[in-house]
Every structure is written in structure tokens, then in C-alpha cells.
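Labels A, B, C and D are assigned to the chains in the order they are written; within every chain, residues are numbered from 1.
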Amino acid sequence: MVERVAVVGAGRMGSGAARRLASRGYRVVVWNRTREKAERLAREAGVEAAGSLAEAIAGVEAALAFVSDDDALLSVVSQLRRSDGLVFVNSATTTPRASIAAARYLEGLGIQYVEAPVIGGPGALERGEAIVLAAAPRSALAPVLPLLSELGELVKVGDSYGTAAALKLAFNNLLLTTLVGLGESLLILDAYGVDKALFSSILERTVFSGLAGKYFERAVSKPKPTFTVSLAEKDARYAFQALADRGYPRLVSHAVSNVYATLSQMGFGGEDYVGVYRLLKKAGAGGREEH
Amino acid sequence: MVERVAVVGAGRMGSGAARRLASRGYRVVVWNRTREKAERLAREAGVEAAGSLAEAIAGVEAALAFVSDDDALLSVVSQLRRSDGLVFVNSATTTPRASIAAARYLEGLGIQYVEAPVIGGPGALERGEAIVLAAAPRSALAPVLPLLSELGELVKVGDSYGTAAALKLAFNNLLLTTLVGLGESLLILDAYGVDKALFSSILERTVFSGLAGKYFERAVSKPKPTFTVSLAEKDARYAFQALADRGYPRLVSHAVSNVYATLSQMGFGGEDYVGVYRLLKKAGAGGREEH
Amino acid sequence: MVERVAVVGAGRMGSGAARRLASRGYRVVVWNRTREKAERLAREAGVEAAGSLAEAIAGVEAALAFVSDDDALLSVVSQLRRSDGLVFVNSATTTPRASIAAARYLEGLGIQYVEAPVIGGPGALERGEAIVLAAAPRSALAPVLPLLSELGELVKVGDSYGTAAALKLAFNNLLLTTLVGLGESLLILDAYGVDKALFSSILERTVFSGLAGKYFERAVSKPKPTFTVSLAEKDARYAFQALADRGYPRLVSHAVSNVYATLSQMGFGGEDYVGVYRLLKKAGAGGREEH
Amino acid sequence: MVERVAVVGAGRMGSGAARRLASRGYRVVVWNRTREKAERLAREAGVEAAGSLAEAIAGVEAALAFVSDDDALLSVVSQLRRSDGLVFVNSATTTPRASIAAARYLEGLGIQYVEAPVIGGPGALERGEAIVLAAAPRSALAPVLPLLSELGELVKVGDSYGTAAALKLAFNNLLLTTLVGLGESLLILDAYGVDKALFSSILERTVFSGLAGKYFERAVSKPKPTFTVSLAEKDARYAFQALADRGYPRLVSHAVSNVYATLSQMGFGGEDYVGVYRLLKKAGAGGREEH
């Protein structure tokens, strides 16, 4: 069983996972492309920082990657060298296609691959309350089962790579579409001078009560981002691409992705993704003042 | 106080309201553009059917309209004649603009106007469990308060016409966007062979539990429609227009409306609106066979 | 035959038409909602300015309206009083629906109606080189044929109201879609550091040579607007609505309209509509600076 | 200088190129994934068919690939083995990203790479009237200059890989957007019963005269496809991806791509891409009959 683990990527999610695993008794070594972030995390969380990826994975049984996107995944994977017995877990939200490509590549290096995207943010990870969606053959998954279960509830989606990635994109597509829809609905309220709190209280009495409770306040205020506009743009785009890759039509993912792309282009890529409505109003105002 | 009420429109919603009000002791007279429907309802619900709109509103204190859309509302309203003291309640989902136009027109005829769109379907109406959103000056609303409260919980949105219509569109925009997002997410699952029941069970653990409970089964099966693809197309388009009328940008309503428009064009306008996913698959298959 | 004509709306198009008609020997009286504009035009073009719409149409055989949109048309039309024998020509770009509504309303006032939208900008109008698309019964069109022919080539589209408006929207939909496509293509060039002049020289050798000649320079520079972002947003939206009104799906008009709506929201509503690319880049920069 | 050339891909474009080059005195060997197609072309055009890719490129100085898309390009490239001195020309429409990846990969095999997408269809290729857009360092391009010039006018876009691919996508984005706009405009005409020939005659007098001349007839009839709905879907999607890859927003490519994706899903992927309007009407009818 795994006792030593490398966390690849010391961003929001990687940090949450590193803290959790350290607190549960794992020996954690962190590697991050930009070294300072790994070192800061190491100091704060009492874990080790590795100077290189090779160093990070030397002597661990598993690596757990929380990097941004397909490119980051493929870039990390292509830096790995033969390492028999290692299990590489990809917990980033990527396209099924990229995940399958990573699996094929690692096969050639004797590295086992687990596709394990996560539902839940950095806080949920740190509290061990995330949902971990896993796709992998049994032999690859078995050694990391206890490890992944520390992060939250483990759901085995399938043996075939791509299935967990698809399920994660299906979930995020639903969430992001819903939140952009919420943003547009708030614009309607504004356009006609309707009280937003009244809307929220009505949502409370419908199937949207959970959503309103969790996101309404965050949609109209300016919270510290746990998930950014840039990542939301990417995820909606990946939903689009996942469908395109299999010759399926797209329904709204393109529009959702475009909303986030426009916000990114205006300089809001690093802001909290729930604030679509607030950012759009700011953009409008900003543009008008600037003009 | 109102004791006699004309229900204008004997469609799904009008029928639900007529049954409810009759069961609560109101004297209900129903008028419908296509006469047969009114007569059938009259027989079934033990209410009266009027041969003309004029006949229907003669001798009632209030008229409650559940017609399709802006055009239907304006067409009905323009057939009314001077009728001092009557309160005309519009419970259709219309644009704020059409509702305001109706109010202005009725003012000239001495008829009071209440904008009162409804959240909840025909079943909820009939059980008195809908949410009735009302916008009107106090003097117009007061006489119909008890009547409207029979249909469910009454929420006063504002004194100004347009506000309740806007809130209703904001709600439907959120719901329709979410359901189209759900449809697209189901396509992703299909494209990668992921079990839909697993997805549903994951939604149960998130803010989407209410949504999954109410709509998941309906999204994949073939239920009797309570709300149709055509009406969904209209509502998403009205959200779009409500924003356009005030010079606001649109985020996803155009894409949502377009999905429903494409389904309508393929002949699915009368089907249940939750079945986006199922209808799209059928369309794909149909087109392919036909080709 | 018409010798005296009222021009309704002293905007860009109304001004071009007034100058042209005055130079061709018509007695022109101008009315504009905002009076100053009418008076300025009267001074510059040597025509008369009327203090009210009633005054403008008293004593003329025809009125020629170049107002912004459906609302402006219906507002102007609803201010008219009985005026037997007058021909009212609507040269604004409106929906078929609004044009048909105007025709019906004017019928009740004994006023004949000609739907006559125009292809070509203010300059073309002033030089008599526009294309005037006309829909009206022969009896209404006959008296204004010479007048309209002064503005350019007259094309009779049909006897039924709505057909010329539809043809105009079909044309503008094609033009606006093409120009937004051009804007997006320029973004692609920018994103990969490709010379825009090279692209233009390639377009010269294709079916786009006419387009490149007329619009390329204007797309990348900052010209005085002859047609604005706001009007473009409106026209693409009207194409969308014209299709929706007949239950047809939309293909790209929603996306085109949304691009212009977003630019309007950012404060660019009054800028030249060809500059999509330039404005988007400015918006990006603006947002980023402001942030 | 090149005298012997391998044409990779015996589809529409590859066939056109093979015929042209054979007729100009080159020794052409054709390879195609599905062997029969290569053999048929060999018989018809009097060229050689190779049994394997390795066989095809053994003994030629240059290979010219006309395969479908990014995946096909990367699949072909990854089957190549060390082959010093060979110049591999990619004439497919691919994303800049895939082209750059191909270049990097071939570098490791001692193969020179030229990115050379083409404007113009199979007929133009066969007559030597295409426009060949080239991006490559001078040393790679020089040996194939005479060869590529046989296909039409050669335009050097830049030294950097990606630039010609971007220019090609910019062109196709403009063309496809315009043609979908044309399709939507034809729907508007239909919806209001306007004569399509009249519309065409008006386009003749505008910047769209070239477009109308080349595509109008094809848009309303049922021609043998020279370029398919599937490839159009791909190209619009690649325009979208090219922008996304550099963090740029998308304006209409998503909508254009979606129109073609929906048509593909309905079974029209192999039809002529200009017939958007005709296919949509057929889909509508088909769906309705089937329902």
C-alpha cells in the first residue's frame, strides 16, 4: 500500500490534497512547476518540496496530479521516465481524449495510470469530503484506493479510461451552465428593478434551494476564488470538445464557454467563477467609463 | 370580494385553475378560443362554458387569463370592451413589455390589471400549491388576493407592472438553462458509455439533488407533457427579449431557445420539454433513417 | 403625384433622403422627435422644419419615415390622426410583424402604407444610389413610385406587407454575419501573428474581393460611423425574431446579435458597426486596464 | 529538386493533386489508409499505388498529405520512420497547434516539414488554380517550391509553423460563417414567402455578387459534394479551438460549427456543405414525418 505520495501541482487543489494527506499520516512530497509555490506549501503544511519532478517521484509509490488542463497533464506526463510500479493518478479535469493519451504514454514507461477527477473544491478536499471519480483497471486502482479514499468518497465509474473524465465534465457542464443561467437571470432582475433577495427566497422553495443556499450570496458578492473564470472557461470548452470528439452536437457548452472566454479576455480570468453577473456589470461599467 | 371568476383559456394551466377554484367554492365560467375545449372542461369540472369572451366576463368580478404568449394576451385584451370594476389577471408567462402594454390598454377601458405569472405546473395549480408572483398597484390587487391565494402562495413582487413578469422569466430562464445543460450532460455520458444512473446518484449528493429527484427520470423517459418544447422555446426567447428590450446582453438564453426551436422545427414542439436529450437522440436517428 | 413630402426622422438616413429629395425639386418638410436635429438639417439643407408631426404631414401627399426601429415606427404611427389620401412610407429596417401592425393601424385612419426599407447607407441615399425594396398593394405604391425612385433603384418585392421587410432582414443578416465572421477571422490572425494585409490580398482573389475592397480598411481603422453597433444589434435581433415569429430555427443571428449586444453594453453602441474586431480588442485592453 | 512525390490520402483533394502532378510530369505514388481508394485512383490517373506508407515514401523526395484533420495528420506522422532529407508537406486544414506538433515530431526523424494548406477545392487543384499558403523555414520550403507552384499560386505566409494554418482557418471561418448566414437568410425568405431569385439578383448588385455567382445555385440545389458538412464542422471547430488555444474569445465560430454538427448528427455529414438551408428544411420535414 502507498505510504509515500508525490503531489504534482501546488495550486489550490494540490495544496488541499497535500494538507489532507499529510494530516492523515502520509509522507507527502510536493512538486510544482513554479518552485516557490511548492516551497511555500511545504513550509505551511509541514511537507517536503522537491526540486524536480524526477526527485519528487523517486521513492514514492504514487503520484497525484492536480494540474490545470490537458496541456499541463501531457507536459507533466511527457517529463516522466521509466518508473516501474509507480501509480500516476490524474485528478485534474481533462478531456477523456487527453486522459486516454496519457494512459497510453505511461504504459510504455511501466507506469500505471488512474484517471481520478474530483467533484468538490480545495476546502472539501482538505476536509476529506470530496467525491473522487475513478476510472482504471482494477490492478492500477487497488494500490491507491486507501489513498484516494482519504480525499472523500470514491466512486468507481468504469474500467475504461475516459469514463470518469466524461462524468466529471458532465457534472461541471451542468454546474457551469446552471451558474451562467443564474447570472443571466440576475441580469433580468436588474434590468427590471426586481429585488434579488426576493428571487433567492423563491428559489429556496424550489428544486434550486440547494443551489441558492450554496451559490446565491457568492454570485452577487466578491469572494476569494476557489475556482476561477479561466478554469470554468476550460471546463465548458472541454465539454464541447468531448462531444465534438465523438461527433455529437453541442447544446449550450459553447455559449457557456464563450461567456467565460469573454470575461477572461477582459482581464477577469483569475476571479471567482460564480461571479459572472457581477463581472459582467463591472465590464459594462468599465467599458463605458473607459470609452 | 370576488365570488365569480372567468377563466380565460382552457389549456393545461387554465383547466388546473378552473378545477381548483370550482373546488374552493368559486363560480367559474370558462372561455376558450377553440370552444370545444371549454365545453369539455365545463362538463368534466362542473363549471360553466361561455360562448364568447364578452359573455364570460359579463357578471364576474375578475377574469384570470392563462393563454399562450404575448400575442395571445394582446389578442384577448384587445377584444375586451369597457367594463368598469373588472379585474383582469394575466397569469401567462409573457414579456414585461407585453404585460405593460396590456395594462395601458385596459386602463382606457376602466379595467384593473394584475400581472400574476405562476411558478408550478397544472398539477400544482389544481392542488393550490403553486407560487403566484404578483405585480400591481394595491387597489388592483386587493380584490383578487383571496382568489389568487387559492392557487398557492402569493408573492407580491412590486407595484410596477413588469416586475413579476421579469421574475418569472428569470426563474424559467434558470430552469430551462439548467435542463438543457442536463440534456447536454446526458449526451456526454452517452458519448463515453457512462451509466446514467450513476450520474443521477452523484447528483443526489450535490446541490442538484432536488433537481435530480424531480427531473432525472423525466429527462430520460417519455412522460405526458405538462409543459411543452414550444412553450420552453418561447420562454427562453422571452428572457432573451426582456434583456434586449433594456439593452442588456444575453448569456445563454439564445442558445437555450435555439435548442428548443430546432426541436420544434423537427416536429417535437408538443413533447415534454424535459426530454431534450431523448428528443435529440431520436432526431439524430430519425434523420439518419430518412436520409 | 407627390410634390410635397414630409421626412420623419432627421437621423443619418432621414438627412440623406431629405437632401436628395430637396435637390431633386421636392418641397421637403422635416420632423424629428428631438427638434434641434430637424432644425439643424433644415438650415443646412434648405428645407423646412416642422414643430410637430401633425404640422409636418398637413399639406403633404407623402411621409417618408427613417426612424430607428419597431418601437419608433409604432410610436410615430400611433401619433398620426385621420388623414385621407396620405401615403406613409416606412423606410426603417423593422420586423415584418411591426410593419404589418403599422399597416393595419393606418388602414383605420384612411392612410395608405408602403413598406420600403433601403439597402445602402446615408451617402448612397443622398446620391440616389440606394436600393429601395418595396412591398405594398399597387394603389398605395403608385403615387410614391417617382419619389422613391429618386433615392435609387426601386425593387418591388411583393404586394403583401412583410415581404420587403423580410428581404431587407435577409440581406442585413448576411452582411452582419459576414462582417462578424471577418472580425473573428482578424482575431485569429492576431492570435497567430499573421499579417492582416496579406489576408486582405488573398481575399481580393476570391469571392470576397468586393467585400474586402469595401470593408477591410474600415474593419481595422476607426471611421466615422454611418451605421452603428446599436443598429446592427437590432437588425440581427430582428432577423432572429422574424424567424421566431414564424416558428423557424435560428442559425447564427443570435450569436451575431449577441456580439453587438456585448459591445453595446461596454459602451460602444454608437461606434461604426464594421469595427467589431477593433472594438473587441479595445474592450479587452480596457477591461484589463480598469481591473 | 523534387521529381518523385508521394501523395498521402486519396480523398477528393489528394486525388486532384495526384492528377495534376502526374499531368505535369511528376512521378506520383499514392498511399491511402483504405487501400482500394489508392488503387482506383492509380488506375484512373495512371499513377502508382503503394501498399504501405513506408513503401510510398521510400525513394521520393517529398510527401504531400491531404488527410482529413488533426488526428489523421498526427496518425500519419507518427507512422513515419527516420528518413533524412524527405520533405513532408501537410496540405490538410488543421489547427496551428497540430501542425506545430507535427513539425516537432518530424524534426526528431530528420524529416523537414512544410505547412501548406490550400484555398480552393479538388477542381481548382487539378487545374493548378488553387492558392497554396505556405509556412516553413526557407530551407524546408525551397525544395518543394516548384512542386507546390504546380498546384496554383504559392503564398508564403511566414517562417513560423502555425501561421499558414491560422490564415487558412481565418479564411474558412469567413467563408463558412458567410454561407451559414446565407442559409439563414434563405430561411427568412421562405418564412415570408419571398422569391429567392429576387434575393439573388439583389446580391448581384452588392459586395456579395461574387458569392452569389459562385454559391447561390449550389445553396438551393443538391450538388455532388466537393467539400462536406463534416469537414465544414471540423473547420469551424478548429477556428474556435485556434482562438481558445491562445485565450481569445470566439464570436460566431461556435454557432457555425454547431449548425454543421447538428446536420452531421442527423445523418447529413457526407453532403455538400453549401446546402445548409436545403438540409435544414429536409431535416425539419424528415423529423416531422418520422414523428
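We take it that a contact is a pair of C-beta atoms (placed from the backbone, for glycine too) under 8 Å apart; a residue touches a chain by one contact, two chains touch by 3 or more.
Predicted model, so just to flag it, every value in this text is computed and none were measured.
Colleague: Please work out which of B-C and A-B is bridged by more C-beta pairs in contact, and write that pair.
Modeller: When A-B is set beside B-C, the one with more contacts is A-B.
Colleague: Once the Cα atoms of subunit A and subunit D are superposed, what angle does the rotation have, between 0 and 180 degrees and to the nearest 5?
Modeller: The C-alpha superposition of subunit A onto subunit D needs 180 degrees.
Colleague: Quick one: subunit A and subunit B, Cα centre-to-centre, how many Å?
Modeller: Spacing between the chain centres: roughly 38 Å.
Colleague: List, in ascending order, every residue of subunit B touching at least 2 other chains.
Modeller: 248-250, 254-255, 262, 265, 280
Colleague: Along subunit C, where are the residues that touch subunit D in the complex?
Modeller: 96, 119, 131, 133, 153, 155, 157-158, 160, 162-163, 165-167, 169-171, 173-178, 180-195, 198-199, 202-203, 205-211, 213-215, 239, 242-243, 245-246, 248-256, 259, 276, 280
Colleague: What residues of subunit D sit close enough to touch subunit A in their complex?
Modeller: Those residues of subunit D that touch subunit A are 237, 240-241, 244, 247-250, 254-255, 257-258, 261-262, 264-265, 269.
Colleague: Considering the complex alone, what residue numbers of subunit B touch subunit D?
Modeller: Residues of subunit B touching subunit D: 262, 265-268, 280, 282-284, 286-291.
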